[in-house]
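Both of the next two complexes hold subunit A, though its partner changes from subunit B to subunit C.
Our next item is the complex of A and B:
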């Protein structure tokens, strides 16, 4: 190759390199970004086989307080946590009380003795059934984020998404145990909680169930924090859990079936105790566009109460 | 003997590389999308966890120490070559070219101007270590540890000597690139060194077409012009050049005295060998030229500052906030486009148009001030380049240019001094010359 040919080649390639850099540097990316090649279109997954929808909506109760956060049911009453309010209504929608609380409320649970435990992000507050403050427990730590509370056998199991960990309290507010789901011997991954959705509930056999949302499954633990089993799969099929952190909320029916609600592709489903899909309670089309996930509660008749945080209402579903 | 040691060193480094892979684990397992959704590729590799974060620093340190030994003590071109191949495989293809010392300039710059930006110790170490080594032993990083240098070095086929004028002119580009990358990093506009790294797409094997063409162009150019990126673009090379110029020790072409055999003359692919220089004919004339050039430096600084700061409006268009503000002013209807992710993100953030315009104006002002600094810096570099041309230093033998030499060791390999076949080599050389 002659020297002149090499020089011509170098000039051409040098000009090409300069053009590529300058052209990219001066273009307005905002105009180019108008089309997002990675837009995640969920439309095709919003369609649900009508035969699978075995529930229908029977009641709606509009809520006045801003920012509804969590719901729990106990013997005819629904207790709800709003960012700075605590409200109890009966199942017909009649208000029992509505109190302002310091907040910010993030979780709620009523005990057998009608004591209300309100999770306020980093600490727990204890109220009686008329909304009077009984006690404020010690702050967990500044990075804590309480997302769910469950009570069994005189013990409170508090889900802290900030850990992520489950904290076991006695009823006086003393911490007895913390566990993160990890097990050195079996190399269990532990709780993976990418966002503040980390639910916990008790089944009719008094067993503890925890939604390991980052792994898209629901796990069964002993009261001392040992993993016993799990079910759930990541995916877009009806029986699976979608996205990064699901199921966002769940509750357990009298036969041990699980009612789950997912975020992103918002849908409420019933899974049998084995984890097999039983029915759809509500399909994505039944919720507002860009709806957040709905916290769930259920009563003795296995009616399902869903707290619609986007439309600010409690929605009751019954099996057809 | 040396081959045996090199084999041992390579085995240890390879073993380390393999063992690191087995430790890797994602903190948050990626959800298994069982749909047709195409997951976006990450622009930068995922950060390393725990002690692995520091493994790269340790490996860089080991490579730099070995390179120093090969350059100063062993005088082994082969050793440097093997190290550079390792660096290409490890820092290039295995670590996907991230983190690298060249890009770390931007992290350091941003950390200095923005106290809320936390720079990792790894980034800081990658920035500092090569500079420290350059300060004491020259640019061993370029010769043995830089994957960008290594990929170009391995493809040098028929290096040609560029005319001095072109070399000097193109040699100003790294100053411009350094200044622009600092300006863009400090205004939180972009990390352009990473964005226009021509080889990172090759390392990650995911280059977009235009970047593949860019990388390919540099590699083809590099077949005839040794290390084009290192010499005419690399912003980190500017800093290494400064450090290496005052380095205490440095690679030497010959282990003892230069015998002026000229065997090394054409060995350097980066034209970094200084030839012997006799005393200038007219010292008075040169002193006058030196004085004039020196006096012109402030003018170059002012002119540079003025020119670049005048372009601040244009330069600031690279900033996303400025782009968004301009877009919303020129195309207000775009607010109704539900698919425009940037516009929708802005609208849902709760930020007012007034706030956005205020931010855009602030960024433009930063570019104006930064433009003066960048222009002054370029003017200074330009002025000094002219002034240096008026300075003559008497040199009797061939020497490496301490600033520009990348310590690849080729010249050491060519130098016959101290080699067993010294006499024969000299005779051959004399024979070819006559």
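Our next item is the complex of A and C:
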């Protein structure tokens, strides 16, 4: 073999080796990789018909406290529970007070008389509107997990995901009733709460509504714990609730419409009082990747306040 | 002749006895050596931190074994036993049942068993699982994150440099002590499912 042929062969081999090394470097070391063939793809469900989005975001209030947990609105003020803080701001974002609390806070509700009821996982704490502790109620039990509080007619309805059960208190903190949604006659499942998302709210007619998240519906109960009706379906379509544990949060508007927020495929929707889908407030693309569900509150103008626990801000939405 | 026969018989017996002793010694020695070697090599083994894992799918492809030594584990104490399970059913599944077209797992490695209305139990068939993490992503997105990946130490060959660890984009794989080789999720589930 001539010298030239050997040189050519060596050059070809060298080029081949360089190509293999470079390819390995680019593909592996720089972590560039072909599309994941096993990807869990939700793109199809993240798309929302623009005609359905009838709200727009009008304000954002950044939060300084870490670990926001829950939000409630009352006459121009927003009360927020953080892991170990209790904060009240007005709707412009001006701070009224910010107090450290023992926590761990998991739910919040303001009464007509501006008394703040703070759910602290297994017990309730009562604060005045300046953040001073008024009372600490007896612990439910060590396995309790308070996820939501609603007040109507001088009674507190507390959702305990650890039960799961709804506990009715009087204003002095005495337990009057507990119910789990089961009905022996009709063999109803009762509340199915796979994770600590178990919301409760009151509609303008003073009716009690409870999110039965494991069954992906919202149920109407009498104040004594009897099921009256429900709406909601499991599924990935716009009008349905995805599983499990949805709707994670909801609030009710002045006309009785429901504003719901889901986990997993995070989206905020408005359903008419009948349960029919009315509009999207925000689509999945409006939230951070891997965002948790947003707790919701609404004001007398039906503006919606969403507590974005991932981006640590309050987001206000108004109808277009 | 008789003496010779007896001698031969004795020699045979002695030979068998010696061989048995030698085989026994070899067996014990070999076993001891294996144990010592395993213990020494296994002072540390590779394991996935499920809280760092981003379900990128590389565990299925990068392991030197086929199928991968990475398997899906189930922390039952975290599971909601949901009918609409995000780890079992494809997004947009037509029906909530075991029909192949409704299953998310590409190898049908998750078994769905009815417990009582409306609860279902989900178990993993490790022989079918390829460690692709598709179910883990579904479970983390919609459920409680009870499905998660772990390196099955019964299968792992404990390479000096784990091929998956080298490629893991979130550095979720690291060496852990041999006597505590799993990082299973959940407060109570400390052993393999």
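Convention: the second predicted complex is superposed on the first by the 280 of 320 C-alpha atoms of A that agree within 3 Å, B and C clash if a C-alpha of one lies under 4 Å from a C-alpha of the other, contacts with A are read in each partner's own complex, and residues count from 1 in each chain.
One rule holds in what follows: a residue touches a chain if its C-beta (ideal position, glycine included) is under 8 Å from a C-beta of that chain, and two chains touch if they have at least 3 such contacts.
Note that the structure is a prediction, hence the values are computed from the model and not measured.
Q: Determine, under the contact definition given at the top, whether A:205 touches first (subunit B), second (subunit C), both, or neither.
A: A:205: touches no partner chain.
Q: In this superposed model, does subunit C or subunit B come into contact with more residues of subunit A?
A: Of the two chains, more subunit A residues are contacted by B.
Q: Between subunit B (first) and subunit C (second), which does A:195 come into contact with in this model arrangement: first, second, both, or neither?
A: A:195 contacts subunit C only, not subunit B.
Q: Is A:21 in contact with subunit B, with subunit C, with both, or with neither (first, second, both, neither)?
A: In the superposed model, A:21 contacts subunit B only, not subunit C.
Q: Taking the superposition as given, does A:10 touch the first partner, subunit B, the second, subunit C, both, or neither?
A: It touches subunit B, and subunit C stays clear.
Q: For A:236 in the superposed arrangement: first (subunit B), second (subunit C), both or neither?
A: Touch status of A:236: both partners.
Q: For A:45 in the superposed arrangement: first (subunit B), second (subunit C), both or neither?
A: In the superposition, A:45 touches subunit B and subunit C alike.
Q: Quick check for you: in the superposed arrangement, does A:264 touch first (subunit B), second (subunit C), both or neither?
A: second
Q: Once the structures are superposed on A, label A:244 by its partner contacts, choosing first (subunit B), second (subunit C), both or neither.
A: Once the two structures are laid over each other on A, A:244 reaches both partners.
Q: Would you mind listing the overlap between the subunit B footprint and the subunit C footprint on subunit A?
A: 28, 31, 33, 36-40, 45, 189, 192, 194, 214-216, 234-236, 242-244
Q: In the complex of these two chains, what residues of subunit A are touching subunit B?
A: Checking each residue of subunit A against subunit B gives 1, 3, 6, 9-10, 13-14, 16-17, 20-21, 23-26, 28-31, 33-40, 45, 189, 192, 194, 214-216, 234-237, 240, 242-244.
Q: Mind pulling up the subunit A residues that touch subunit C in the complex?
A: Residues of subunit A touching subunit C: 28, 31, 33, 36-42, 44-45, 189, 192, 194-195, 214-216, 234-236, 242-245, 263-265.
Q: What residues of subunit B sit close enough to touch subunit A in their complex?
A: Going through subunit B, the ones touching subunit A are 28-29, 31-35, 37-40, 158, 160, 192, 195-196, 198, 210-211, 213-214, 217-218, 220-221, 224-225, 314, 317-318, 320, 323-324, 326-327, 334, 337, 339-343.
Q: Residues of subunit C touching subunit A in their complex?
A: Subunit C residues touching subunit A: 55-58, 60, 79-86, 91-92, 96, 104, 106, 117-118, 132-134, 137-138, 141-144, 166-167, 169.
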